[in-house]
Amino acid sequence: MKHGHAGVSDIVIAYIGGGSRGWAWKLMADLALEERLGGTVRLYDVREESARANAAIGNALRGRADVRGIWRYETARTPQEALEGADVVVISILPGSFKEMASDVHAPEKYGIWQSVGDTVGPGGLMRGLRTVPLYVDFARWIQRWCPRAWVINYTNPMALCVRTLYEVFPGIKAFGCCHEVFGTQELLAAMLAEGRGIQGVAREDVKVNPLGINHFTWLGAASYRGIDLLPLFGSFAEEHHEHGFREKGQEDDCFGCAHRVAFDLFRRHGMIATGGDRHLAEFMPPYYLANPQVVAAWKFSLTPVSWRTANARELEEKGRRILAGTDPFPLEHSGEEGVRLIAALLGLGEILTNANLPNQGQVKDIPDGAVVETNALVSRDSIQPLIAGKLPPDVNALVMRHVGNQETLLRAAINRDKKLAFNAFLNEPLVQLGVRDASLLFEEMLGNIRAFLPGWDL
Amino acid sequence: MKHGHAGVSDIVIAYIGGGSRGWAWKLMADLALEERLGGTVRLYDVREESARANAAIGNALRGRADVRGIWRYETARTPQEALEGADVVVISILPGSFKEMASDVHAPEKYGIWQSVGDTVGPGGLMRGLRTVPLYVDFARWIQRWCPRAWVINYTNPMALCVRTLYEVFPGIKAFGCCHEVFGTQELLAAMLAEGRGIQGVAREDVKVNPLGINHFTWLGAASYRGIDLLPLFGSFAEEHHEHGFREKGQEDDCFGCAHRVAFDLFRRHGMIATGGDRHLAEFMPPYYLANPQVVAAWKFSLTPVSWRTANARELEEKGRRILAGTDPFPLEHSGEEGVRLIAALLGLGEILTNANLPNQGQVKDIPDGAVVETNALVSRDSIQPLIAGKLPPDVNALVMRHVGNQETLLRAAINRDKKLAFNAFLNEPLVQLGVRDASLLFEEMLGNIRAFLPGWDL
Amino acid sequence: MKHGHAGVSDIVIAYIGGGSRGWAWKLMADLALEERLGGTVRLYDVREESARANAAIGNALRGRADVRGIWRYETARTPQEALEGADVVVISILPGSFKEMASDVHAPEKYGIWQSVGDTVGPGGLMRGLRTVPLYVDFARWIQRWCPRAWVINYTNPMALCVRTLYEVFPGIKAFGCCHEVFGTQELLAAMLAEGRGIQGVAREDVKVNPLGINHFTWLGAASYRGIDLLPLFGSFAEEHHEHGFREKGQEDDCFGCAHRVAFDLFRRHGMIATGGDRHLAEFMPPYYLANPQVVAAWKFSLTPVSWRTANARELEEKGRRILAGTDPFPLEHSGEEGVRLIAALLGLGEILTNANLPNQGQVKDIPDGAVVETNALVSRDSIQPLIAGKLPPDVNALVMRHVGNQETLLRAAINRDKKLAFNAFLNEPLVQLGVRDASLLFEEMLGNIRAFLPGWDL
Amino acid sequence: MKHGHAGVSDIVIAYIGGGSRGWAWKLMADLALEERLGGTVRLYDVREESARANAAIGNALRGRADVRGIWRYETARTPQEALEGADVVVISILPGSFKEMASDVHAPEKYGIWQSVGDTVGPGGLMRGLRTVPLYVDFARWIQRWCPRAWVINYTNPMALCVRTLYEVFPGIKAFGCCHEVFGTQELLAAMLAEGRGIQGVAREDVKVNPLGINHFTWLGAASYRGIDLLPLFGSFAEEHHEHGFREKGQEDDCFGCAHRVAFDLFRRHGMIATGGDRHLAEFMPPYYLANPQVVAAWKFSLTPVSWRTANARELEEKGRRILAGTDPFPLEHSGEEGVRLIAALLGLGEILTNANLPNQGQVKDIPDGAVVETNALVSRDSIQPLIAGKLPPDVNALVMRHVGNQETLLRAAINRDKKLAFNAFLNEPLVQLGVRDASLLFEEMLGNIRAFLPGWDL
């Protein structure tokens, strides 16, 4: 890594899950558009051919006139090849395949448990967690061995558990997790300002928020735009729209969209703005919003079926082939993600205040130390510092703590391969309102479906 | 108060709820049997005639030959009369009457929610809490005004919330809560030693335990008898008896009894011994054990109907009359409670290690500071010091934290007369697995039933 | 207060100590140069005529063409007049007069104790603290009564004790303390970059630091400029200059200047950069740097005699008269202080990261909760949030903790008028290396000199 | 280890420093007098012949009629031989020899620094700490390897640093430190009761205390005998005796004795009873009591010269030979130490409340977590639980924190072989009121004297 007047060159980024087509392409685009950074990206993926394809796409970028950041892409065949001497590690993986995800999301349906995403909490998020922890145990060990001073940015879900695992295994790691869900709420608030106050064109960055909670279930302790307190404004907004919902302009009614009715309802009951998007929020609560597909429809958000993901992945694969073949251009536009700006900040190029997932060391009161929480943090040269965000009101804290408890239980269960403990977490999921016997049947079935990813378990 | 060689005389005890026939008679008996203490007991009760009857019974004791502690009983007509200059304050009240308790326990039944006790958690415990907090706000203010240095011992349920309220209003109060439920588990362990190891006659005091948790849902981090670790032993015991249950000799199959099947089940799932007795334990959990009366019967514990309490109260009232009339003797035997020994210890006569309910200041890790928790504590002259009890395993902590969250939420709701907040606590009760609409209907009905005790609420 | 597109108008600022000529003039200048803010400043001072003079000066500004922020200045005759309904409270007072300060600084000299400032720690800072606390007790009560939701910015020394007192008396206060000493170190680092690396013209804001400690004895856990870690660079810089010192260009060798030899020495011994300026730093340490005036001269910093302050005050008074008379122009230039930018930020106009003095709530580990510490904090609309700054290495923490201990001891001593306790703090001052008898004589003498400011003490 | 009705047999105790003649003989006597325990003691010492001699003495005990506990004594030639499979580990070593201790105690005298003991704090205690840490690093590793579940009782000074090191290296260790200094204060209080109140024959155990602080500088937050608060009583006692001192009956005026004038003085200044004995207490303070031998004599305590220790050791060696030869009987009487009762309690035979040195986990507020503090703790089967002792008043806490800071600094210095850091701790010792140059000369000299025990240091 070399610092110069124009920026930093010779940076080594190791990308675990480098065969991904979503996050990896976004990163490649953002890197290409950032003139102050340059170096090598080493792509590592258990599906080596995907990494190889991405490397080819990435290397092809260098020839383009509109590219300002010059990067070399390599395919790493081993973790060591990827990580040795890396300055930055990015992790975005799919733990298992869509087959396992199909079990996560859909297996519980026959017991009347519906999930809109299934990757964070709920029976699906829990199973995903159980198979993700062992992978992250490895990642943490590799990083400790080959690049202990590298910065590690995680994008994988379940976010909190991934970050928690990294710190559990290698307490000295410099890792944090990034998620754009808070951005979405900032945009909603900007839209609210346009609708309610006629203030147009507010950039999401100018909506100031104090998020606190856990990833995908983060609450705003404060929100303002210039001198305007957005909390009471949101109260009126929620009153007005809670019945029919509110959709930002241009927002599609696809299987990712929502009309914020869940967020409005949570505000009316708890007096706080919940970020995360309705699809995520609903999964953290008892089945009020997810009782069945009709209820979901009435709340105007969507279940994202895994079939959609499979189809989408196939399309992306196709698109990747076309890009490689030169038939399609690589889409060179800012992703809206902050990853590259965060890397720049960590290398000394500017400071950023962003929401980050980090072990609690006082940033959120009344949540145990060490639990991974989400708050604002200041990212600067070789440093990330959480801001002290205060504490949640007791009723909201109770909702959050239920999942914080499961975070820790799952970690222990996964590390000790303790089926009983995992089942206790399962029973503690708000969406699992089954009797013990039914819960046990479902748990066994789901665990069986992912057994290939649970080495050493006594199943 | 005077200290002499023989003990302490001229002690002033103020008894709030001094018209009670259960706790008050036990205290009177224990005081009469303790030769080292003497003085005055001032009985205060909103039902003044009950206090007056108890005073008469108490004063009659002085004439008996088998009485060793000499006490004068007075009826206090005002809180000030009771409290001014008191050395010790004992509080054991019934918040409201059996009419309100009937609502607490039975109103939810039509929604399929069954409660075995209904005084601690669950919809009933919650309502009881809401009407108890304002009373305890008054108690705390009175004590701060009239006897700020007195020791305050609470027996009323919901225990944790009562003690929490006292400290919230008067942070300098010297108060703690006492409960005998842990004793019951010590006795069960003694019975286990007799049955499994042939060790007969173990006194409950010799079963050493490290309790931690919240009242009626306290777990044993350790349990031993001499060199024997009782945890693995309890494991075998639970395996052997979980199906058919175990009843200590002489234990009646009445509406207070249980066969410990719930405790066995919890041990098999969580690897820890839960104290509190099955009737209480079941209410802290989702409706696994309380799904309906048949399920309760199968788990071999009992629902205690309020009709039983009403009848029992009438019998005690009758008995009181007979005692006063000289027809029945006052039963002068040790109650098995520790109250009087604790008072002696606080006055400098011996140290006692007992389980006590106190605001958390580090005795239980991973539970927020200030929440009232139950652990061992050392009681000595003018002092109670909790022992550092460690932390619960994450799955058990998650179960406990759910109620800790409600403790704080209820306190705020009751103090701020915040119906929304109270309803959020209601929804967070594990026994309340209703949809929001049904939950709301039940909540409104129950709240309406106790409105007389919610002054200033906007109902 | 009214928010508009152009900014905020009708702001009410109450200025306690509004007769000051240093801080008040700076604030007046900065307000005049900030076009986004406007309103009323109410000047309150025990020397009412000084407040009146400043009001006249302030009101005269409105007529100037180069003034962009329009403010009305009023003289408040009572605290209530100043504070009622205020949005912002600024406090910068001289506790007592220069007569008392002369005692603080010079009385200890005959015992061989020399002080360079005498307003923060050391025997002088301690005495100043004792007479400041009762004033701040009043301020806190006034604010609680008349403007409980106002933001309170403190500039008075001893900073930590002033802020600590405000929170002790009114825990809900929204107060923090501001100090520019960290800025000085940022400027030194910028000068170092110019000298050592040839990087000219670095703005102090672009030197990023992570300060942690207590006011005037704050240490940098990290310091960087773009990608450059300034800590090792400072190491070389200290090696090169520790013998002869280093003076920034244009820095005068007056009684405020220093050549950073103390900071260099502290770096060489502790491996950290201490901010505060040598004059302050030396007072926090045993008399290594302050053994006598020759030693001070050798370390190339200065003793600031109170005679200088008296003369300077007279000059400023004169200047005030000339300004009022129109002979001299009011100097309308940015003060370099951040106060007005902070006020703007608190009103929703931009976020600022700055160093602030606040009760510890986790921002500095291994320092007790509640002690006032200095770290970075984010100031935004109606909010200040400290950043988690980590912890000091144990040897530095030991130096800091000694004064943190005195902060708490002095607070208790001043509030309880406890002479013994105050003397224990006195003995714990590193500069006081006297035997108990001598220490006691000096203590009594100094206390006697300020007795007029110790109402209710038994002296 | 076997538990039976009569007690526990086949216990394996590993004794590190088993060649000692002080602590080892006391333990051997106490074990011989305790009928409920039996097994093997493995003596390990770097001076193997001393261990061998003690083994012979110990084995000879079995033949005596008055011996009730039957133990076999073995000499272990390696740590592994001693520790493998041990149930209990006792550590009481002399780190280095009297030659090093002579340097610790006497080298500073030429700089006017006098020390009464020189084994805990002060320049001597610090040097002793530096050479003890590496030994304890080894002990912790050995225990982790060969008997990770054994209970470890430490008697070596500097106590706090020894225990701190064990937990630093092996966080899962079950270790604590025992010291009888608090007992001495209990005896003084008993003597006070006899003198002032005519209450004769109070056993030290019946004087109830709440100690908190650090070893040899522990303060009593409360002290009582039955209903009597001993704090005000001690106030009068201190007033009466502070000038001429007070000696318990039978207490010799030898080089260990004291007349409690230092404790009286500390009480008069801080309002708390300091335990530790004047010889220890004086070393934690600035040189008020240790200015020179005349001052020490005036305060009526003693400097313990190392020559006394050398002579005493020779006598004990002689005595050992005579015991072995059968000329002298082994003195079979209770030592007054609690070690054997603690071992019994850990094995399930009774619970004991005693003062213990343990990492802070909340037992003392306002002292950082992890620092080894001394408070009461409950010792029971396989468990030690500290009691929450509260916090020290700020002036006393400041005195204690200064040494807590040095505890951590020394640990880091010793582990990292960091001379600069060690020197910073040296300068922070209250007894070291030297200029930096003199301090440095003394530090270098003393460090040179113990260089044989500082492997790997760059000296």
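In this document, chain identifiers A, B, C and D correspond to the written order of the chains, with residue numbering beginning at 1 in each.
Criterion: contacts are C-beta pairs under 8 Å (C-beta built on N, C-alpha and C of every residue); 3 or more make two chains touch, one makes a residue touch a chain.
Nothing here was measured: the structure is a model prediction, and the numbers come from that model.
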Interface sides of chain A and chain B: same vs different residues, half threshold: same
Intercentroid distance (Cα basis), chain D paired with chain A, Å: 53
Centroid spacing, where centroids are CA-atom means, of chain C and chain D in whole angstrom: 45
Multi-chain contact sites of chain C, meaning residues that touch two or more partners: 365
All chain pairs that touch each other: A-B, A-C, B-D, C-D
Touching residues on chain B, where the partner in the complex is chain D: 3, 8, 208, 210, 222, 224-229, 347-349, 351, 353, 361-363, 365, 376, 378, 380-383, 385-390
Chain B to chain A touching residues, read off their complex: 269-271, 286, 288, 291, 365-366, 368, 393-395, 397-399, 401-402, 405-406, 408-409, 411-412, 420-421, 423-425, 427-428, 433, 435-436
